[in-house]
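What follows is a single structure, written as structure tokens, with notes after it.
Chain naming follows the written order as A, B, C and D, and within any one chain the residues start at number 1.
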């Protein structure tokens, strides 16, 4: 068992010594944003075709807002380049605005109002994907 | 018979077939004029605690004395009531409910279980 | 000397030395026999082999090692339990080895 | 005839019991983040759990003893204490995760916050245990558990690319997020090889009065039951890979997983997911709570049995009551159910050596099991997978914590 523990400790040390730039670190800490944008888009689409109930969209938006707030905090705290931080900040603010718009449309049972919100989320998601791809950690 | 393998830690069964605890400890009597004999089996958390470390056992006994519903921390089963040592359990000639081994069980039945709805299936 | 009581579970694992202070092994099993109403101790078994015997497994076999050592058997009258913390043989380890069955 | 019934029921139960909150969480994550690439860890885990469940049933059938009972009897209290403590921790955490899963399923349908449901779910679970007998629990939850087959049907409806699914059966290195990849691999191992599963199984076999004539039945239950169970997990990976991955949805919250079935079943998908999750978690919660009570009662030699009246085994009932209460508190105090689940599954994997090795030693005891003891093949397979899971867990847990996921 001693040998195993030693190997494990060595592996942990080795992997934690791999340096990350502040930009990569920020991308990693905010990596929940993209999946949430995509999930809200899907929830919105499914709501418009009656596949999910309105309450599900509400609670999903609430959960996503928490993740957005956390990501915004990380962005504010980060030492990453200003252009990346500004870009991320705009994306997160956009996500907060579009998800709130989706939530209002769903609450009002207004399918037509939901469509632009869903489109907005899709555009933000595409933008986010491109951004994180640009800063992705090189894999071994 | 091997005392560690066949007696220590074995399930104890009472006269009515109720599982009444395990042989948490075995007490030997060292006699001046003959081979040591098995004096009794002991049961209880205090016995278990002192198996981990004697000092832990003493500490546990003090804490227990303050809180427990039992009068004594260890219950002694004299060898004379051991009827048979079988492959998987030890048959005793007592009734579990009459012994201190069931103090907690009795207390729970009387003070908790009886007050809950649907205690019999 | 009058009768004294000793816990089996505290005896198990104790290191036994012979009168010369040499290690004989640790107590790992106690053999007893029922005689009438009493259950009397016949011998003590010392050493790692006794542990394996007690676990009833060939732990060796599990990792592919052959099962080698027989436990050292100590007749009840050859073990002095005057101080249960420090059990002592009444004979030397060599005498005991010479007396082992087989 | 009775044996055939036992076989059929046993298979149903294991299919139902196999798929629980841990499987839902880990397979959804695996499929969403790595598509088919982590199928190998599911297969590896299934292989081990088949061996372990078969051994556990064989042991109970031959010796008439459940594992905790036999391990303490054979190796003594001090030896058993470590596995016992590890099992207790695992039981409490797993029960918390299952209760969290039920609460989340109710939250999905009602929108009422998860923590509000915790006391309701706790009382419901407790009432089930308090009022019913072992076979009622076994049979009702296993029949309802078949709802989880929805994942398999959905997977087939999506026509997954066979080549990629087969390629995922062989281990490969990830193209991105290696820390996440290994952590999910470990969580899958821990979710499938849940220690409570095979400890519980032996107590269940004793409750059902198995004798050596059940050895063949037992082999069938282990192989077919666990095999089918893992097909459901495989279905969930495939669905997540086909529905969530292409949209860029990764699962960091159960809400994201809840959309999985809506592509295959536009009308029923959402309700099916909630129902499958709720029922799978209820079944597992009952088993985990019982398993905790069996383990504790056997450790101390108390009377035990789910078929007895609560007043005949008061302490046994007290243990499951306390366990449900403690675990429900975790959820009531706002612990995130998904995070709790993933952490628990990784701990399961790390705990494997502690709970499997004493069991393995017992299985090699010729005096106890005679001709039914383990062969070298089972020993080798089990040791290999257990050590592998342990190493992976010990390496990946700190990494995942550092990564903040």
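Heads up, the rule we're going with is that contacts are C-beta pairs under 8 Å (C-beta built on N, C-alpha and C of every residue); 3 or more make two chains touch, one makes a residue touch a chain.
As the structure is a computational prediction, the values presented were derived from the model and not from experiment.
Relative to the centroid of every protein C-alpha atom shown, the closest chain centre, again from C-alpha atoms, is found for D.
When chain centres are set by their Cα atoms, the one at the greatest distance from chain C is A. Per-chain CA centroids place chain B at a distance of 26 Å from chain C. Annotation: 44 Å between the Cα-based centres of chain C and chain D. Chain A and chain D have CA centres that are 30 Å apart. Distance between chain centres (mean CA atoms), chain A to chain B: 59 Å. Counting partners per residue, chain A has no residue that reaches two or more other chains. Listed for chain D are residues 74, each touching two or more other chains. Chain B has residues 4-5, 8, 24, 51 in contact with two or more other chains. Residue ranges on chain B touching chain D, taken from their complex, read 4-5, 8-12, 18-22, 24, 48, 51-52, 88, 104-105, 108-109, 112-114, 116, 118-121.
Interface residues of chain C, counted against chain B in their complex, comprise 1-12, 28-34, 37-42, 54, 56, 76-77, 81. In the complex of the two chains, the chain D residues touching chain A come out as 32, 107-111, 173-176, 178-179, 247-253, 255-256, 258-259, 262, 266-267, 269-270, 353, 387, 390-391, 394-395, 398-399, 402-404. Chain B contributes residues 1-5, 8, 24-32, 34-39, 42, 47, 50-51, 54, 79-80, 82 to its touches with chain C in the complex. Chain contact summary for the complex, chain D toward chain B: residues 63-65, 69, 72-74, 76-78, 81, 130-133, 300-304, 307, 309-311, 314-315, 317-318.
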